[in-house]
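Two complexes, one shared chain (subunit A), two partners (subunit B, subunit C).
So, the complex of A and B:
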């Protein structure tokens, strides 16, 4: 019994650094953001309780809906751009050899660099006057003018998504490879002896068994798209006409430019809710919650 | 691998790497060559003039940003290591009633994005007098980069046998000694993963540094590049590409050297479900 008490005390003592940090910098802010979402903050300090007013303001705030919509559209564009190539690459690079290791490193490399650096690298490629992209397309005869790729709404959304796919698909690929390596090779041998085609192998063995891994990679990726900030801040600054302004950009704008702490907090709470729902739905769709 | 797949992979690789090539090439071009059209794919006059501008502008403020970022990285790595080694060991070898609940609370940090907590965190840092300071930013980093590391350390300690601890206890070793002398030397791959992960996260962070710092005293290199690129160097693509190139060198070196551990750590969570 004394042995047990000693172990419990030591267990708590070893966890103390984590508990202190999590308490101060996670749990306290989490509680505060909820409290602040029910308050109105005065410019000269002090605050008063205003009930659900901030939430009502958010619902009637056009820019809030617009940024939420922008974020959803962006996620819908970028997710297939990441996953179609990532699944293909994972399938062809799942066996470990010198060649596959080389290719994996190449495709994973952009994941190591910052969104800021990547954004400027691509912004330079997309430049309308000196950009590589316009030059190459003109050279190939596919264009006869200089296009301002980040200057119109849909083009900007797609071009930023291409950058993000380049930067992050390697990460999804690596997770998917790990999942593929967990599938027993004997299944493929059995399929082969039954005369299955490559596509049938993928359709009836790889895809169903890889589903939990795909779901996990999807959650990480879609949650990441919803948190998008750096690349839009740098490549488009939300433009043109706020059509690429994301929800996180809007939270920062409301809080630190409009100084509307209450509204910013209310949108933050809604944002937390959205992300929790996304994770929950995807877990459910993947059949992970039953396991 | 069939020939057609190999050809697709080669073309894709050229595409992936050409983005890096274009940035690095631009950073070594003289200014008049940067802004030429049609663009040139090699340069006959490679020069360090862009880097010279980068490092000397505003009394070498860019070097200050780089220095800040290294300090932020080292401090965050130390803080995350302390938390995740002690905490991971506790959750794996010293588990008690309630430690599972604590583990779930810590993991929930991964689900709640820090982007949604910037308003209260700003107030908190402001009240503590830690706004626009390196320690303030480090505390935020190490809280939000810790859960993944703790998860990994816990998994790694759990894969090591409990019998090591029991026999060391019989020999009269203290718990801290058992951790540092017996288990930690065996868990070095996990420690390496933590170091790479926290380094890359800290080095590449933009939003937290942007919100919680506002001066050369504490801002990191990513904010530094943004400040350069949106000030009087706005159209100076030679300088911007030099900044981008310089800022990705540490990330790429750390990543290539420790890629194996990074990938192992990244995938250990996903394959165990």
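So, the complex of A and C:
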């Protein structure tokens, strides 16, 4: 019994630093946001509870739905842009050798750059008058006038997504490689002796066994794209005509530009709810809800 | 033995706290965005030390994008600094919630009070009481490349004064150098990339046409022929006169600057803050600065920057006032601001040895008289309609008249809420 208590205590001691950090930087702010979402929150004291008013304001706010919609469209574009190449690269680079190590590093490298730095870099690449992309296309004689890549809605969404895919697919690739390496080679040998083609191996062995890893990587990636802020803030400022303004940009605007902390908090809470639902649906779709 | 340690410890603590309370200077904390203020602090602290006084000032740099959120957090925690150099357009809101101390009587007796730029005082005033004074100043101006003016056969010392001249000169300065049908050098750029840019660079066109966004009382007066005409003019610079690329609607100030430095743009809307970097990045470009061209109204420039105020949570208001007065002294402004090419809020000090070496800087003493800062408690909220409707016109998606009408309605609904 004493042995067990000691073990438990030791376990708690090891967990404590993390629990404290999570508590201070996640749980406490989360609770505060929920409390503030029911308040007309005043900077210099005198905040009062207003019940569900902020929530009513949030869901009747056109801008909220518009920015949420912008975010959904962006996520729908960027997710396959990350995943199709990431799965391909993971399959190609799953065996460890000097060459694959080199290429893994190359594809992972952009992930180490901050979003802010990457956004400025790509903004320059996309610039119509002095950008690299137009310069190259011009050299190849493919332009009859400069293209303003971030100037129209769909082009801006796609071009920003390309940047994000370039930057983050390395991370998804690494997770997927780890998953692939967990699949026993004997399965492939057995399949081979049964005369399976490469596609059949992928379809009936790799894909089903990789599913938990894919779901994990998807959740991280989709949640990440729903939280998009820096790259749109820097590359498009939400333009043209606010069509690339994301929900997080809008929350920031309401809370810290319009000083409406209560409404900003309510939108944040609704947004957290939406993220939870999406993550749950993804788990369910991946058949992992019971694990 | 244990007891002895305890006694030792307690007495050590006692000694430390005693000495620190004897020697502890009264420390004034100031928040600001510019590191140059540090120099002023050093001068102030040296002066205090020489006078044998135990007052010291300490600077905390607050990044521009956190200036509001940090201040809100500090105020609600009761930990606001003694002084804050806060963005001038954010000031009215914080005054309205009582974040700043009333300094009316003291301020009016300052020897330099009368020379502070009049057009920038309004955001620091509430109900005829003064809460903040103009400190760091950024003005919107037109910069032009004199070398390109010579190449185009124009007088390099004559910048466009009117809209008409802007168009005529712009046409001569917009060139396809290698004949491939792609313009290699633009005469002009619109200033886009956000509502802040429209306020800073487009509003001078509205003012320069006799229009306005708010009247003295803060009522919305944007819906006027003057605004419609200014919007149409910017629209026409792209589609009719073709002296600015349509993409410049999305350009941030960095994009325009890069184009100017790389010799692809002849005239651009910038500010005093471009001078230091231009001299470094493009020493070969001989450039001039001028007020933004006007049409039917007076020339105007947006008076941006910061107001400095003493927060209502300061416990050292007298010392803070003393420090504030020191900030505006000849010594502090000339030795800390002028060598760094920052604009001095007192026009009488423009005749100093640092500005003398840089002809562009001297001009700004005159420009200060034309500075205008719009006043609104809902300044940030008017950003959204301004961005949306102005951009709609420049992207050719809405006509200027209905855009101005809808924009005004929207601003009215926001400010009357």
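In this text, the second predicted complex is superposed on the first by the 259 of 291 C-alpha atoms of A that agree within 3 Å, B and C clash if a C-alpha of one lies under 4 Å from a C-alpha of the other, contacts with A are read in each partner's own complex, and residues count from 1 in each chain.
Definition applied: a residue touches a chain if its C-beta (ideal position, glycine included) is under 8 Å from a C-beta of that chain, and two chains touch if they have at least 3 such contacts.
None of the values given here were measured: they were computed from a predicted structure.
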Fit or clash between subunit C and subunit B when superposed on subunit A: clash
Which superposed partner A:221 touches (first subunit B, second subunit C, both, neither): neither
Which of subunit B and subunit C A:171 touches, first, second, both or neither: first
First (subunit B), second (subunit C), both or neither touched by A:26: first
Contacts of A:129 with subunit B and subunit C, given as first, second, both or neither: both
Subunit B versus subunit C as contact partner of A:236, first or second or both or neither: second
Which superposed partner A:256 touches (first subunit B, second subunit C, both, neither): both
Touch count on subunit A, higher of subunit B and subunit C: B
First, second, both or neither for A:39, with subunit B first and subunit C second: neither
Superposition clash, subunit C against subunit B - the stretch among 23-31, 59-67, 203-211 or 311-319 that is involved: 59-67
Doubly contacted subunit A residues - partners subunit C and subunit B: 127, 129-130, 255-256, 261
Subunit A partner contacts - residues on subunit B that touch it in the complex: 1, 5, 9, 12-13, 16-17, 19-20, 22-23, 26, 34-39, 79, 82-84, 86-87, 89-91, 94-97, 99, 102, 105-106, 109, 111-113, 115-124, 139-140, 142-144, 146, 150, 175, 179, 200, 203-207, 211, 222, 225-226, 229, 237, 240-241, 243-244, 247-248, 251-252, 254-256, 259, 263, 266-267, 270-271, 273
Subunit C residues touching subunit A - in the complex, by the definition given at the top: 68-69, 72, 75-76, 93, 97-99, 181-182, 186, 193-194, 245-247, 249-250, 252, 255, 258-259, 262, 264, 378, 380-381, 383-384, 387-388, 391-392, 395, 397
Residue ranges of subunit A touching subunit C (in the complex, touch as defined): 42-45, 63, 127-130, 138, 143-146, 148, 150-151, 236-237, 239-242, 253, 255-259, 261
Contacting residues of subunit A [partner subunit B, same complex]: 7-8, 10-12, 14-19, 21-22, 24-30, 32-33, 36, 85, 89, 92-93, 99-100, 103, 105-110, 112-117, 120-122, 124-125, 127, 129-132, 135, 139, 166, 171, 174-175, 177-179, 181-182, 212-213, 216-217, 223, 226-227, 229-230, 233-234, 248, 251-252, 255-256, 261, 264-265, 268-269, 271-272, 275-276, 279, 288, 291
